[in-house]
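These are the structures in question, set out in turn.
Paired with chain B in one complex and with chain C in the other, chain A is shared by the two complexes that follow.
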Partner chain A sequence: MLSQTVVNRLKEIVGEKNVVTDKVGLLTYGYDGTLLSGEALGVVSPHTTEEVVEIVKLMNEHNIKLVPRGAGTNESGGTIPTQDSVVISFTKMTKIHEIDTENFVAVVEPGVINFDLQVELEKRNCYFPPDPSSYKASTIGGNVGECSGGPKCFKYGVTRDYILGLEVVLPNGKVIQTGGRNFQSEPAYDLTRIIVGAEGTLGLVTKVFVRIIPLPRAKKTMLAIYDKVEDASQTVADIVAAGIIPTTLELMDNLLINTTEDFSHAGLPRDAGAVLIIEVDGYPEDMDPQVKTISEICNKIAKEFKIAQSAAEVDQIWTSRRCAFGSVARVRPSYGVNDITVPRSNFPKAIQGVLKVAKEYGVTIGVVAHAGDGNLHPLVLFDQRNKEEVETVHAAEKALCMMALDLDGTVSGEHGIGLVKKKYLDSEFTPAAMGAFRKIKRSFDPSNRFNPGKVFEL
Partner chain B sequence: MGVLTEVYEMLNTCNKCGGCHTACKTYKLTGQETMVARGRIQLIKAVADGKLEPNQEYEDAIMSCLLCGECAVACANGVRGNELVMAARRDLKLRKGIKPFAKSFALKTLASPKRLGMGFSLFGGMGKSVLNKIDGMDYFRGIDIRNFPTAKKPFLEQVPERITVQHPKHKVGFYVGCFLNYSLDQTAHSVVKVLTKNDCDVIIPKDQVCCGLPQYAYGDFETAKKNARKTIDTFLDKYKDAEVVLSACASCASMLKHDYLKLFADEPSYLPKVELFCEKVVEFSEYMAKIGVDQSQLHNSSPVRVTYHDPCHMIRGLKVTKQPRQLLQMIPRVEYKEMFEAGRCCGAAGLIQAFYHEVSTNITDQKVENIKDTNADLVATSCPACMLRLQGGINKAGQKQKVMHVADLMANAYKD
Partner chain C sequence: MSNVNISKLKAIVGDNNVIDSPSEMAKYLKGKGKPAVVVLPGNTSEVSSIVKLANEQNVKIAVGGTVAGTKGLNGGIAMVMSRMNRILEMDHLNLVAHVEPGLLHKEFLLKVGEAGLNFPPEPYEVETSSIGGCFAIGDSDSKSFEYGPTRTFLLGFEMVLPTGEILEIGNKCIKNVSGLDFIHFAVGSQGTFGIFTKLLVKLLPVQEAKRAVIGTFTSIHKANATFNTLIKRNVQPTRMNLLNASLAKNAISGTEGQLVIIDLQGFKESGKNIANEIAAVLTLGGGTDVKIIEDEAEYDQVINGWLKVRAELNGKPEQTLEFLVGPAKMPQALTQLEALTGDLGAYPGVVVEGLLGYVCLALPEGTDKLALAAKVNKLAMSLGGNIKGLLGHKLKAEAYNDAEMWQQTIGLLQELRQQFDPKGILSPGVSLEA
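Coming up: the complex of A and B.
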């Protein structure tokens, strides 16, 4: 429990209403998108960088740890309060300071919701490409922490590729600015890239300089339907081999087709083995040749191939994909999201691997994948109340991770490591590399006060 | 525990993905996890699991829900947050009764026609004259009380039980509801006028009571059932010649049409009668669009720009959205302009406006901004609670728009 002195001081810093210490309040900041939970000593919601600095200093005086949190939608346990810590919630830091369309920069506070930023950018004919499926709820600060990806990442890259600089409050309470708003190189060490994806273990981000780009002039959305998931993965390899980089290459297997249909009624055929959502963008005159090549490739093996003819049809196609994660709850109440990624040339092998794991362990796995970057989200379905089943699921998830590593892949493409995947990190990195990570963490945060126990044990 | 056991599977189906964040107005405004479906559901689950003893903070989380139903629309898992909150309220009621304020003032009064009538007449007379003497007492918890309309005499006392037309084609039972009876009696007259102009005989039972929604929403199923039974028996036994039971209040209509079924789910012997009744219930715009309105009778000399607000019970309860817009656009010289987020809650949300006024006032202010952006002269809607809330918000913001029921706009377009 926090001492009354600390609570009072926190209230002085951020205001009475922005400090939570009651059981009900704490309970609601103890979870995220995973099955894990914890209980914080308190939750504090600052409004400014200065308040963040004051909080950090106060916590240092009392040797209390801090867990940063955005919307709490992550899939890796990154925001679960562990080790007697206070949650610092950034949902009150929601200012968009500036949108500069001449220099393609936006300056935002970490609590700005990805979707809210997109709405403002669209009014100015621009956008911010990283678009995780949670983009309607998740914050830019959270996206930075996890280095989120999204369907557009095949062509445009992940969050890291759109962060020009950061304002960061360090564990010692000092504020630094990394990178710069008007250039894309870092004259000295690239601290921006170290902090992006560090899951709040190195510093608390209080301002983000994001790179924005103009909205594409034209876009074509296509849907290919397959009898077998293997056929879909072959198309992915063929499209890339033909030298086309679609914005998006999203795959959903039969299970996901059915669960998303239950929610969205988008009209996907329930007996299909898999669907691919393919999107290309660019100048209007670039569209037809790309669509032609893609349709030739798809028609070779796909059962059906459609080009969306209206905005409504595009929406319909995307509704299915956006609701994919949640919709599996209609089959079983709990799911484990995996985030394995393999080189795209190995994508068909990874799909085979997933099917094999499902069979070997006797578990139900639905697959949704950002197929273009070889990033798979096998969703392992179960009921968390069944302890035995939970054990089997953990074993199957481990097998999926090992399979990805065997295919020269990684255990996490975009969701981060958090608590969920840290046990696999030693298999992916050499002891020397793990040692280097620990040295970096210690040099930023020698007392291990920021998001302790996440990514790896110090 | 029984109530929460019944909904436990749905509680367990929430995967905490946060998809409801963007749908929830109370979360958008507060940024607090206790104020969003995901948080509320996890709290209800903790209570169901015996890990949390309901306390004041829990009650606040449960009672501050608008019940607007947007989270249910947004949830890919099919979790209906509003229904889970309803279950939690019922559970709270069974555990310890309802909040004293809700219990004594609002709910009991609404449940009894006598008390309600007296309350409104006291407020309209003495209450208002007292208020006028207090400086700055224009708004009580964001409610524009000084301009809160009260009928001089309840509508039910102003009209005969049966109003007949020369060549009747339809026979409509009119369920008036508390707001139209005691406060917006002019709107009730508008409904009758539009119906009679369209060859409907109107039956207005004198002994109708509150539909029971306010009590139901706060978990007092017993009182709600009493009123529901009275309503059903009145319309089905005493006035069985009424072809439909029409309501011009989206909230009442949604309660009569859908929630009565849930309310009596545990009474199989009475349920068939409830089903028969629910079949007959129809909302005003839905009915007018169905029987068809003779457009040639509608007149309007001055151009007017109109926007429409979808009440929660209309868009997500009854799922009626096209008909009111169609009717409005049938009126000559009406320029219809859709507002941003027309289907989002206006902040009235039953008693929320009184209990959690800070949140609800902010929600109303946003709605008023959206109305302002349309440059509309008139705001039409289908629920008296929304009408009063919106007009209050508009007046408070110093805006000029007038809020009217769809029936009012139509009635004004008929030459007498």
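Coming up: the complex of A and C.
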């Protein structure tokens, strides 16, 4: 419980309405995209950097820890309140300070929703490439915290590649600026890079300088349908070998084809083993040769291959992919989503590994994957109300993570570690690497006040 | 007096790989410091043993690929990585290579090219730069708009920490957010967090088509104005660079005036049209001798000329001043700059990397660099930029009148360094002050 003094002081800082301490209110801030939950001592929503500073100082005086939160869509438990913390919610910091297309930079507050930024940018013929599938809800601050990926990473990279600078409130309440409005403003060490993906454990981001780029002049969307998942993997390898870097190589397996078809009626054949959505972009003149090469590759092994001829057809292809996660609710009420990633060459083995885990643990697993990145989203289906089944699912998820590590991969390609995958970190990293993480955390936050217990224990 | 125990070093790396006669040491060293010894390790475990020995005897170590800097290294160990120069693996399926740090950057580019692949970062110095050095410096270059800065190309590494402990991190996945991002944080740390002993490098498919468009201009402002036209026309080539008259003739001998070099990599079918569009913009903008280069040998000659000039400037950081502005704000920047420097065409050196909004000035002898930097930073800040790097950060904090921010930043940098290197063994020449 927060003392009345602290509550009153918080209300003075951010205004009466922006402090939540009632049981029901707290409950709504206790969840994220995982099955975990927790209860905060309070929730406070600042509007400005100055208010964030005041909050941090106040919390330090009373030795209370802070858990940062955007939209709470993350899949790793990163925003779950733990250790008697106050949640600092950035959803009131939603200003887009500046969009400067000629200088390829935008300046935004952390609570800006990715989609809202994209809409503004699109009006100016620009975009911000990182667009995780949660982009209609997730915030830029959250994307920075988790270093989010999305379907365009094969060509365009992840969030860290598009953050030029940050304004950060440190755990001691002081404000620094990392980087700037270009590639070359880091002060000796690349502080921006270490804060991106640190899940709020090193500092609270209050302003983000993002790199924006012009929209591609042309884009081609293709769909290939396969009898077997292995054939789709072969296409991915062949496209890379042909020297083409598509923006997107999205794969869905048979289970997902059927669940999305129930919902979207996009006309995918229900007996197919896998579909692959392939997209290339660039100058119009460069599209046809690439499409030609890709169609030759696909036609060798795919049972069907088509090139979208209109915007409507592009939409139709993407509808299935976009509704993939939600669609599995028709099979079972809950799903656990994973983001294991393996080297591209091990992708077929990872698919086999998923099937093996499903069989061994007797669970249903559907697969959506960013195949070009070797990034898989096995969706483990279950019913949350069945305690025994939940245990089995946890065991299966652990087996998936270990399988990825055995294939020289990582337990997290784009969702982050948070609480969910913390227990696997010692399997992925050597003691020396874990030691390096702790040295970095200690340099920023020696008292372990920001998002304590996330990613690793100090 | 030095504490370096030469016989122990010889026991670690073998007699032939320890050099302590000053005349033989010279070719491995740069700068005025006087290290006691040059040592050439052959593998990771030797590097680790040397670092442990240095810790026991409280001796400093500076590391270089072919040449080590000696600043602050009196009585210390200069470690040169040139024996650790193998390509351990070239993996076409995953588009990655595993290399040792002493491999020359130019060698690597050659091997990568032969394998039909592409490693975009420009060599810092054409002849002597190593891959270890490339990531230890971790800069951006004029191709970064298209490919991203150097750090983009590191997926993992093995490193000997300042305590001698060996750290391995990373994998062949192009997406990896597990743990804290020490992989990219180490890029640019200039050997203060540790010594790279292996690097896992990301590659790209080779760019099949390469073209350049060059042109000369009597006025630097007119030359630069063409960049704005291209940005407004939504043309983003691979490089969009400008050398003033003093530097232009070093890049392509016989060049009169300011030289514009525009590089187009990978625009396979579209390249012809884009090159024509660029050539038209340069000609209309007042360029003469505007030329589209498609011949491979001639293309290489132009790019190598560019790299040579760039490397010369990289080699003398104390005599250069680098700043950035918003790319589209460059015309104002150059006009305002001229009020401080006089005619930029005749200045000892001006480089503009137009896509990045970057300028490098080669300063006339006797210039008070810090005084000029303060003025240039003010100018740059009003145009959406600042002086590059740590100095820029300090000047920015001064401009905000925010001494606290500067103190916090410096304090944080020093704490990080101290955490990794409590005894202050590694890279004594690297200062975190500005």
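Operating definition for what follows: the second predicted complex is superposed on the first by the 454 of 458 C-alpha atoms of A that agree within 3 Å, B and C clash if a C-alpha of one lies under 4 Å from a C-alpha of the other, contacts with A are read in each partner's own complex, and residues count from 1 in each chain.
The rule is simple: contacts are C-beta pairs under 8 Å (C-beta built on N, C-alpha and C of every residue); 3 or more make two chains touch, one makes a residue touch a chain.
Note that the structure is a prediction, hence the values are computed from the model and not measured.
Superimposing the complexes on chain A yields a three-chain arrangement in which chain B and chain C fit side by side. Once the two complexes are laid over each other on the shared chain, residue contacts for A:P110 go to neither chain B nor chain C. In the superposition on chain A, A:K92 contacts chain B only, with no contact to chain C. When the two complexes are overlaid on their common chain A, residue A:Q177 makes contact with chain C while staying clear of chain B.
Contacts of A:P246 after superposition: neither chain B nor chain C is touched. Of the two partners, chain B and chain C, it is C that touches more residues of chain A. Vectors from the Cα centre of chain A to those of chain B and chain C enclose 140° in the overlay, to the nearest 10.
Of the two partner chains placed around the shared chain by superposition, neither chain B nor chain C is touched by A:P151.
In the overlay built on the shared chain, the residue A:P68 is in contact with neither chain B nor chain C. When the shared chain is aligned, chain C comes close enough to touch A:S443, but chain B does not. Following the chain A superposition, chain B and chain C show a smallest Cα-Cα distance of 20 angstrom.
Taken together, the chain C residues at the contact with chain A in this complex read 91-96, 116, 138-140, 144, 148-149, 151-152, 161, 165-169, 171-182, 184-185, 187-190, 193, 204-206, 208, 231-232, 234, 236, 267-270, 273-274, 322, 324, 326-329, 356-358, 384-386, 388-390, 392-393, 396, 404-405, 408-409, 412-413, 415-416, 419-420, 432.
Chain A meets chain B in the complex at residues 22-25, 27-29, 31-34, 45, 71-73, 89, 91-92, 94, 111, 113, 115, 134, 136-138, 260, 262-263, 322-327, 329-330, 333-335, 384-385. Residues of chain B that touch chain A in their complex: 9, 12-13, 15-19, 21-22, 31-34, 39, 42-43, 46, 52, 55, 57-58, 61, 75-79.
Residues 100, 102-105, 125, 146-147, 149, 153-154, 157-158, 160-161, 170, 172, 174-177, 180-191, 193-194, 196-198, 201-202, 213-214, 217, 237, 240-241, 243-245, 282-286, 288-289, 341-345, 370, 373-375, 408-417, 421, 425, 428-430, 432-437, 439-444, 455-456 of chain A are the ones touching chain C in the complex.
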